[in-house]
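Down below are the structures I want you to see.
Each of the next two complexes has subunit A plus one more chain, namely subunit B in the first and subunit C in the second.
Here is the complex of A and B:
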């Protein structure tokens, strides 16, 4: 008999490597004289042969990891991820450095390089390989740290200045002050909405559980909000809030208006409620009543029951709800820019308006990074807060 | 000592307990049994004040329980429930140490105590200490539940259908373990069950209840041997005489068994009064039996004996087991051995009869 665990070829990793290998032969970036220039494409091989072969070597390494017989499924993960991380760094650094060289050669002083098809395809291949490896992995450490390693690599390249000539970094430098302001606003709006949703959603979930007659109407409301498209909900906020702000000048002075941060916060807060209310309710509903009975019977006071039994058992489930809520809100905050709220969405819509994809990308990349970071941070908190046998230990 | 003194409890118009009085002497197991809704669980929860009576007193060592704050009272009373209720976010050790922690014991003492108790309930401390409840089987979880109830060394133990959710095979093992633990610790125990066999096995006294009233109290053999009325007779079942046999230990009833050494010649003239002669080795290990009508002409006892005829009972088992063994073999009796397999006696139908009151209605 052949040991299936060992002999199986990892098809996903292999196809990831094939996609990446193909991408290396396509134009990796476009050299432009200015923002609106059509530019001309440059491939990896055209930029620098040694770099091309190095990148190819990483792809081949990943493919070998995928097909190597006699390798346990689990032991494929780390080498595959490491090779993918190297390819990722090489892709960005190559685009940055190679792009700068091309610009210097053509004496485009205000020129820039935009990532092209090859770049995105290799990035997709990296995504395939890494998400696959993480799904296979049982190590909390690996699953928690890998996305952070990629983010850190990108930020390090940015800080060192290697990718200064990449188009959206250019867009960033021309708007540095505003970027920081919008980033802060984005985080502030999202965190504020989720914070309020936690403050309201957790008690609401408890209420829905304790008072059975409230369960249906409460869930009808929070579920109903989720069915409204986000853009429509932002729009719906404008009229009533404008009316209220006209009626009550005091509120207007506090910043309550039909457009701006207030309606955005309100809409995002409503969206963020559902996962939190639902998970709080579920955490109580699935709690074994015998546990409370036993705790009481052993002489725990009401307070001890709450802090030593109910909270520790329900916390991981509530935290999972907050995590979903946070990631979802970071994304939704982008749309809030449409009704005059701050946030990175402003760059995205500005880019759309000016037909400047570089500007859109500049807005989107930090949003993705933020969502990734929030997801990982909450995941690690949850795993740390869940007592019991760790995954894979059983 | 736990006393119920004219205790009544009702929910609205439903009477759960109606003027109930009984006493649980120190160091004994009283089993509350009866059909569902008879008030047995309600009675149990009055002791640790999970419920309060509408009338009457529940006393522990003479003091009414209502004079203790509930939490203080409960920490001094071990409590085991059918659904166990181990806290899923704590290890076995932390679960066992829960009440000692509430009482302010430090971590080292709690850990040492958990080790002792795991040892007592027959789970290896090194293996189980750091497991989580989800990693335990039903029987193991219930054992840990018992250990948790014993952790603060309470004089009183309340057990609410403790083995009800465990499969029959495991249940009997758990009952045996409980009996041997109780022999060592001598707790004052109220044990609620609806399983009569379980009650007969573990009880010193049975309190039989129906519709919130006590119908009959007494030792299991009394209740089985002399049911007070038709309800009790029906409740204990037509096989009550059989169940009663489970209260008697073989060692208390066995008589001498005739035996010959395996090398010796079997002379039936010397065993004129016996239907069966047992064959042993030099160390009195039971090897087999020779029935009177067997191959008597053979040269030695070993050649004449039939080892297939012998299934012995141990002297610590019950007369019920002995009767079952007698019915299993072709002989009208069964030999009795000690824990090393040495022949120590035999049980015949006459001994079974002698344990049965012959004049009961």
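Here is the complex of A and C:
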């Protein structure tokens, strides 16, 4: 089969456009007086007809790219990505310039705008189109830049102040200082736990490979820890740590208590171990013995063999483990807020406690962005760490 | 004792402990009194532990069953000729969505769906889909194309190829995906109590709020125990699908 008879019409781009177009007809925003208000839905067309037609034009542009194979092949679907980026900007900016905010101010003294079903559906369509288009491009550079462009657009809109009326941005402005503090704490806790897990996990993985009798019990323990629900593991840390801090006043003065950052760090560290230990072990297990033999045959010393052969081969695999750990830990740090640790989870659970969705969204968005950023960054690092001539080869 | 026998003994002991801990009040009281001699209130009074266990298992069973069915359907659909265009998209989107923290997904269920049992189940369902989709795709993709061609050559219909060749050969990978999905859901359901879903998180949160470590431990032990037991169960199911020839060739 030659080229698997690629259909002329790009079904995925086209269905993305269809989903996006549908979303535009649904209510995109909910305008509310205050955060507990139920509010009333506003559709794009009801907000501003010119903006609605502009958004529709972008969707049509995407659909046209979807049915023109020549254009698609030559441009690597780039026009569709560009149109999606414009749609993305328009969607957010609509809250400020589109009149939704004016609508809010007209009805209420100082209203706020929350994204509604239409907003999420258009966002999903954009995600579909962009993810699909990235697959067509082999350039690592392009694949790195496009997600950044979206993040940059959002940040630019935020800085300009166009999205100030969006409810969760409003929530942010009322607690700017605390936000910075919790964000720093979140990153600090997650990075500390993963750092410790790397320091312990890599030697443990090597040990599990070298000493065969250790392999099974070690993995049973590390696997077992991952099975325990996160909230339960955090809970299990409290009693022993409280006991230890009562027995040893020095530790208590250092801040070791049953609740707070210490049990959180310990539990997150235990969670983060598995991917690192497993990948370190795997990286050694999959190493072709012929490579080692070749190294020895070339007269390499034990040290040279380690630094010039073993480490370069296993590093990308270990880094992939660190990446999984990091993404997972950033997520689990959210839950740590429940046992009194710092981090963005505090906003999430405070929002849940007060039944304030805007506050929850304000906490969740940076967590998700952090997780995605960590994922991207570690992916780039491990791609870069692959030895040998590789640029553009994958 | 061989290591396998040791493991089996350990599992039986833990299962017995779990059953006694949940269903025999005096046993639980004894254990907790031993651990917390100074704590006056050892037993959570508002809801009984067996009820919380049932709630927890209900949430997980409903969401994981739905996630398994829908995830399998999506995984199969995108590996058919008609849906093949969507295969990279399904794989990328589901791995993209997996970088979302489960706690975040659960928290977002509240603004969209409100408080209680059903929003939690919905969030667990969405998150539980991802490992099933991923593993169904990679399971079916990993089936040797020569075997598929041989099946077609024997005159099997597309449906027969799917049910007699592709699914049986990828069953182990798919079951591993279902296992991951269920274990994640057991963990995330614990956090579900913060949006009023009940379950074992209820007693943990109550303990955290009232500074009662006995409550926290009650919930933590039970939730961890259930996760272990379910994990072993699925470990067993997975081994049923091992191809006996595989051990020889690899």
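What we mean here is this: the second predicted complex is superposed on the first by the 358 of 394 C-alpha atoms of A that agree within 3 Å, B and C clash if a C-alpha of one lies under 4 Å from a C-alpha of the other, contacts with A are read in each partner's own complex, and residues count from 1 in each chain.
Quick note on the criterion: contacts are C-beta pairs under 8 Å (C-beta built on N, C-alpha and C of every residue); 3 or more make two chains touch, one makes a residue touch a chain.
Because the structure is predicted, anything quoted here is derived from the model rather than measured.
Participant: Kindly classify A:11 by the partners it touches after superposition: subunit B alone (first), subunit C alone (second), both, or neither?
Facilitator: second
Participant: Touch test for A:368: subunit B only (first), subunit C only (second), both, or neither?
Facilitator: second
Participant: Counting only touches as set out at the top, which of subunit B and subunit C does A:249 meet: first, second, both, neither?
Facilitator: neither
Participant: Residues of subunit A touched: more by subunit B or subunit C?
Facilitator: C
Participant: For A:309, using the defined touch cut-off, is the partner it touches subunit B, subunit C, both, or neither? Pick first, second, both or neither.
Facilitator: In the superposed model, A:309 contacts subunit B only, not subunit C.
Participant: With both complexes superposed on chain A, which partner does A:50 reach: first (subunit B), second (subunit C), both or neither?
Facilitator: Neither subunit B nor subunit C is touched by A:50.
Participant: Would you mind writing out the residues of subunit C in touch with subunit A in their complex?
Facilitator: 3, 7, 35-36, 85-86, 88-89, 92-93, 96, 99-104, 107-108, 110-111, 115, 183, 186-191, 194-195, 200-201, 204-205, 207-208, 213, 216-217, 219-221, 223-224, 227-228, 231
Participant: Hey, which residues of subunit B end up touching subunit A in the complex?
Facilitator: 48, 50, 70-75, 79, 81, 83-90, 98-99, 102, 131-132, 134-135, 145, 148
Participant: Can you name the residues of subunit A that touch subunit C in the complex?
Facilitator: Subunit A residues touching subunit C: 7, 10-12, 114, 127-128, 131-132, 134-135, 216, 220, 224, 227-233, 235-236, 238-239, 242, 258-259, 327, 330-332, 334-335, 338-339, 345, 348-349, 351-352, 355, 357-358, 360-361, 363-364, 367-368, 371-372, 375.
Participant: Could you pull out which subunit A residues touch subunit B in their complex?
Facilitator: 288, 290-301, 304, 308-309, 312-313, 386-389, 394
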